[in-house]
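Quick heads-up: structures coming right below.
Look for chain A in each of the two complexes below; its partner is chain B in the first and chain C in the second.
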Partner chain A sequence: MSTKATYAIYLGIIAGLAALGLLGDRFMVYMGMRVMLLAIFALGYNLLLGRTGLLSFGHGALYACGSYSMALVNLHLTQDPLLGILAGVAMAALFSLIVGFFCVRNTEIYFAMLTLAFGMMIFSLIWNLREITGGDDGLVGISRGSVFGLPIVKDGQFYFLVLFFFGLTLWLVHRIRSSAFGLVLAGIRENHQRTSFAGIPVKRYRLAAFVVSGMFAGLAGSLGAMLQYNTDPFSAHWSHSAEPVLVSLIGGLQTFSGPLAGSVVFVVLREIIERYTQNWMLWFGIILLAIIMGLRGGVMGGLEKRLRQRAATRKGGE
Partner chain B sequence: MSKNGFTRRQFVKAGLLTSAGAAVGAGVLKPTGLWAAPAKIKGPVKVGYQAIMSGTLAGYGEFHKMGATMAMEEINKAGGIAGVPLEVEFRDSTLKKPQAIKNARYFVDSWGADFLAGVDSSGQALALAPVMAQLGKPLMVTHAATEKLTEIEVFKKGIKEIFRICTPTYQDGNAAAFVAQGLPAKKWATISPKYEYGYTCWKMFKGTLGKLKPGTEFVAESWAPFGTTDFRPHINTIMDAKPDGLYSVEWAGELITMIKQAKQAGLFKQIKHIMLPVGAAMDVLEGLGSEMPDGVWISGRYFFMFPNDQRNIDWVARFRKRWNHYPAYVSETGYSAMFAYKQAVEAAGSKEAKAVIGALEGMKMGSPAGERVFRKEDHQAMYEVPWGLTASNPKYPFKVMGKQVVIPPVEFFNRPPFEGPGTHPPFKG
Partner chain C sequence: MLESIVHVCLAGLSQGMFIWLVASGLTLIFGVLGVLNFAHGAFYMLGAYFCYTVLAALGDNFWLGLIFGPLFVCAVGFLVERYFLRYVYHLDLPYQLLLTFAFVLIFDDLVKIVWGAGSISSPTVPGLGGSVSIMGRMFPTYSLFIIAVGPLVALGLWAALERTWAGRIIRAASSDREMAAALGAKVPWIFTGVFVFGVWLGALGGGLAVPYVGLLTPGMGESIVIEAFVVAVIGGLGSLKGAFFGALIIGLLSSFGTRFLPSFDMFLTFILMALVLLWRPQGFFGEASR
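After this line comes the complex of A and B, so read on.
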């Protein structure tokens, strides 16, 4: 597909989402925000997993860094949402720098286990520092305030702030993937020894990828705190870290749009199943299993392959 | 007289016709269809109910469901709420906050719920408060106990949509202190869950008992994280401190495990006074069976043997017939929540949120647990729940309450404005 067509598709998605924000009912608007937040989280995460080939189980903690920093700024300093988000992203960056510094020395399962350990450390810190974090109750009473004089108190208004950051994330992640930096990350994934023989400091690049993906987690976290009016210690738990992994797998690891499609499937499919049965976990699990095992390369990967095949047969027929 | 107005003649005609119709209708037919008076309330009354229905605590959700379902069946059999049927839909809350919020939004914005009910965890209840304010529909909490919900969210921040029909942590902390006051124990210790609920209850217990009985010592605390399966280190810590009394708000499966392990360690021989504020839960009593020691103080949010009046006895019998179970406390609160909405809607003559909230404030209602009053200031239901000593009874395959003590709620519920002198028990006069 040409670059122009790709941009057209993404502009179409943004326009569709804007229409949803203007025309959808309050529940659809809310679900739309849930999808976008998960997509921001997963798009950033996939820079690490899909692009660099590092499986992290600690990004939930970075998400929580974002939401708790945002909440603390909101409750104690200023209700300006942008400053809150800035604090959230900055804190997530700081923590991912520290955690990443220790973790990127390893790869594969060792890397995964270390990130899991650090993530759970942050989880227990949040759980135990009750005076600051509210323990298991979390922080409550977050207000949304206004951006440049525009109120974002109502869901229909806040939606467009989320949409703005979603669009920004799409653009940034796309730019990162097609930049020289993004290509080096792909090189590291394919063969880190060869990449280092090419004179590239592999660890530093891994760390950079970790921090960048951590910042997107922090962004999703700080927006999530505003959406839900609270922070949740379980957002730092490894079970939450597994969400972007699943979403990337469902959508397709090697594709840019994979996490996006995965988020839609993850949020909307679950909601649909919940309407029919209380054993939703069972059905959700079975369907996810079918997608992950049946569609190699995820929904988008599978779709791309199908399209390419069709194009090839058409060419062959000519 | 304006052109569109009724002329006197038309008026008289209409009056005659109406009275004739009414006379015929009342005498011959029940008014139906076009003849019936237009119902003030349109469509069914819809209640969205969420509770934990998956994972290790899924049993609680089942008990919620039994109570609320039975209320729905009984209400609809007797003609519904103000003539329209009651509809209840259930959703799994998974104990996670984002799920609780999504459920509430689904119920109100997508399913069209008039009211919400349920909620097990305190964190979820606190997270739902601002959401309910935004959605503008009442939520009747039937299990979550944190006093912050009613003291801060309802009273201080003025979120009128939240009500609570079950007893809050006052029952676990303050009332326990009133019972402990009468016991010959001077040194107390605790093994409690390592989260807000555990900390809050122990703090309340210490605060109130310290005031009721100056000189009481609190010698040891051991906090067990959620999901603890090995309580032996905690039990040893407590036994080493040699207290006279053990206070524990461990609950459900973890309480069962703790009691079994404490028994093996000989804790019940060494420590004579044990207080378990949520020990009277049916899952615990049935789960332990005869392994529950005698002479342990237990309580809950409702106990099926109290009050010993016809209403409660009949209800327990109906419940057993319908479900083949003794009602758990969440069954009673779930059941009564539906009747609270029924009474409020009928009193208000409307299912509009504002009118119903107004009717619920200060409302008195009869229920299996006895008479409840919703306190106007903080929307907390006040009713009596006994503290009792476990005892064997040949009528039951598990331990029940023998000796019972009832502390009147006015004596141990914190009072508005909840801050400053005279707001925490004990109260003078």
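After this line comes the complex of A and C, so read on.
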């Protein structure tokens, strides 16, 4: 696909989402925001998993770093949402730098376990430091304030702030993927030894990828805290880190649009299942099993394969 | 002061032995199959619930529960390996981890459906329910029993792997799958067997935990499996020796942490892990970087 066509598709998506924000009812707007937040989280996460080939189970904790920093700034310092978000992203970057420093020396399963353990460390910190983080209650009473004089108190108004950051994420992630930096990351995924023979400091690149994806997690976290007006300690839990993995997997691991499609499927599916049963985890587990056993390229990967097969048979027929 | 330290040590040892029972199955499965089993905590939980059900059905006999409960969990483990896990060994890591994660979700919710979402208080063990006096203070007999069981399991595992014919074949299959298969070892069945045995160890840990933790809750395996992960990292992934000593260290550390730094006990564990990793990224007994 040419770059122009890609940009046209993304502009189309954003225009469609803007129309949803203007025309949709409250429920649709709320769902739209949840999809976009999850997509920000997953797009950033996929820079690490799909692009660099590192599986992290600590990103839930980085998401929570964003939420809690945003909430603390909001409750104690200023109600300016942009400053809160900035604090959330900065804190997530700081934590991912520290955690990443320990983790990027290892790969594969070791990396996954280390990020899991450090993520749970942040979880236990949030859980235990009651005076600061509110313990199991989380922090409540976040106010949204206004951006440059425009109020974002109502969901219909806040929607457009989320949309702005969603568009920004889309653009940034796209740029990162096609930059020299992004290509080096793909090189590390394919063969880290060769990449290091080419004179590239692999560990430093891994760390950079970890920090960048952690910052997107922090962004999603700080916006999520504003969306829900509170913070949830369980967002730091390792099972929350599995969410972007599931989303990327549903959508397709190594595609750029995978996390987008996956986020829509995930949020809608969860809403539908929760409407009929309380045991949404059970059903999600079953769906996950089905995806892993049967449909491994994800929705977008499967679609691409189908199209390619069709093109191939057509060529063969000629 | 001295008797207080002795008691904290004993509590730490019994805690460490529980972590060891879970970490041993996890490590064995990882060492042989190369799969990190997230569902191990769920098997621990299932072990506890099945033991509880069996012991309640057989007239409050704890020992019968401990014998037969884990066998049911083994059957579940067999189905998981035979019909699911077997098909992902050749796939990328995310698929393997997510497959076991899917089973965590499924088992956690199934337990809620079958046994209810609330917690169940568990019975005490006849004969081991009391406490004995150690240096003038009472210490639960059951914890002493656990401290004895841990090394026995370790010894049994060591003997089975190092001193028997089956253990030799398992070690061969884990170090080189293809060569072992070429020499006639039925590698798929060895893998199934090792997985089921690892699940049995986890379920046994869960069954032993029934009187110890006092309450059965869905998701009870979660914190212990995280600790088992930390133990496996510290000891060196795949090393049973490392898992044993790692579990002892973590158990003692968290026990001392609970006593002297109550709000940071879990935190201490992770600080230790970070320090060990700085010093030896592959863990105490792990092989040097591949």
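Here, the second predicted complex is superposed on the first by the 300 of 318 C-alpha atoms of A that agree within 3 Å, B and C clash if a C-alpha of one lies under 4 Å from a C-alpha of the other, contacts with A are read in each partner's own complex, and residues count from 1 in each chain.
Quick note on the criterion: contacts are C-beta pairs under 8 Å (C-beta built on N, C-alpha and C of every residue); 3 or more make two chains touch, one makes a residue touch a chain.
Computed from a prediction, not measured in an experiment: that's the story for all the values here.
Asker: Is the arrangement of chain B and chain C around the shared chain A a clash or a fit after superposition?
Answerer: clash
Asker: May I ask you to decide whether A:160 touches chain B, chain C, both, or neither, giving the answer as first, second, both or neither?
Answerer: neither
Asker: Would you check which partner chain A:125 touches, where first means chain B only, second means chain C only, and both and neither mean what they say?
Answerer: Touch partner of A:125: chain C, not chain B.
Asker: Could you say whether A:112 touches chain B, chain C, both of them, or neither, answering first, second, both or neither?
Answerer: Touch partner of A:112: chain C, not chain B.
Asker: Report for A:245: first if it touches chain B alone, second if chain C alone, otherwise both or neither.
Answerer: Second partner only.
Asker: With the two structures laid over each other on chain A, which partner does A:281 touch: chain B (first), chain C (second), both, or neither?
Answerer: both
Asker: Have a look at where A:10 lands relative to chain B and chain C in the superposition and call it first, second, both or neither.
Answerer: In the superposed model, A:10 contacts neither chain B nor chain C.
Asker: In the overlay, work out which of chain B or chain C sits against more residues of chain A.
Answerer: C
Asker: Hey, what residues of chain A end up touching chain B and chain C alike?
Answerer: 281
Asker: Would you tell me which residues of chain A are touching chain B in their complex?
Answerer: Chain A residues touching chain B: 25-27, 30-31, 34, 127, 130, 134-138, 140-141, 155, 228-230, 232, 234, 271, 274, 278, 280-281.
Asker: For chain B, which residues count as touching chain A in their complex?
Answerer: 53-54, 90-92, 96-98, 101-102, 105-106, 109-110, 122-123, 126-127, 129-131, 134, 146, 148, 153, 157, 194-196, 199
Asker: Inside the complex, what are the residues of chain C that reach chain A?
Answerer: Its residues touching chain A are 30, 36, 84, 87-88, 91, 93-95, 97-99, 101-106, 108-110, 112-113, 226, 229-230, 232-233, 237, 263-264, 266-267, 270, 273-274, 277-278, 281.
Asker: Could you please specify the touching residues of chain A with respect to chain C in the complex?
Answerer: Contacts found on chain A: 49, 55, 102, 105-106, 108-110, 112-114, 116-118, 120-121, 124-125, 128-129, 238-239, 242, 245-246, 249, 253, 279, 281-282, 284-286, 288-289, 292-293, 296.
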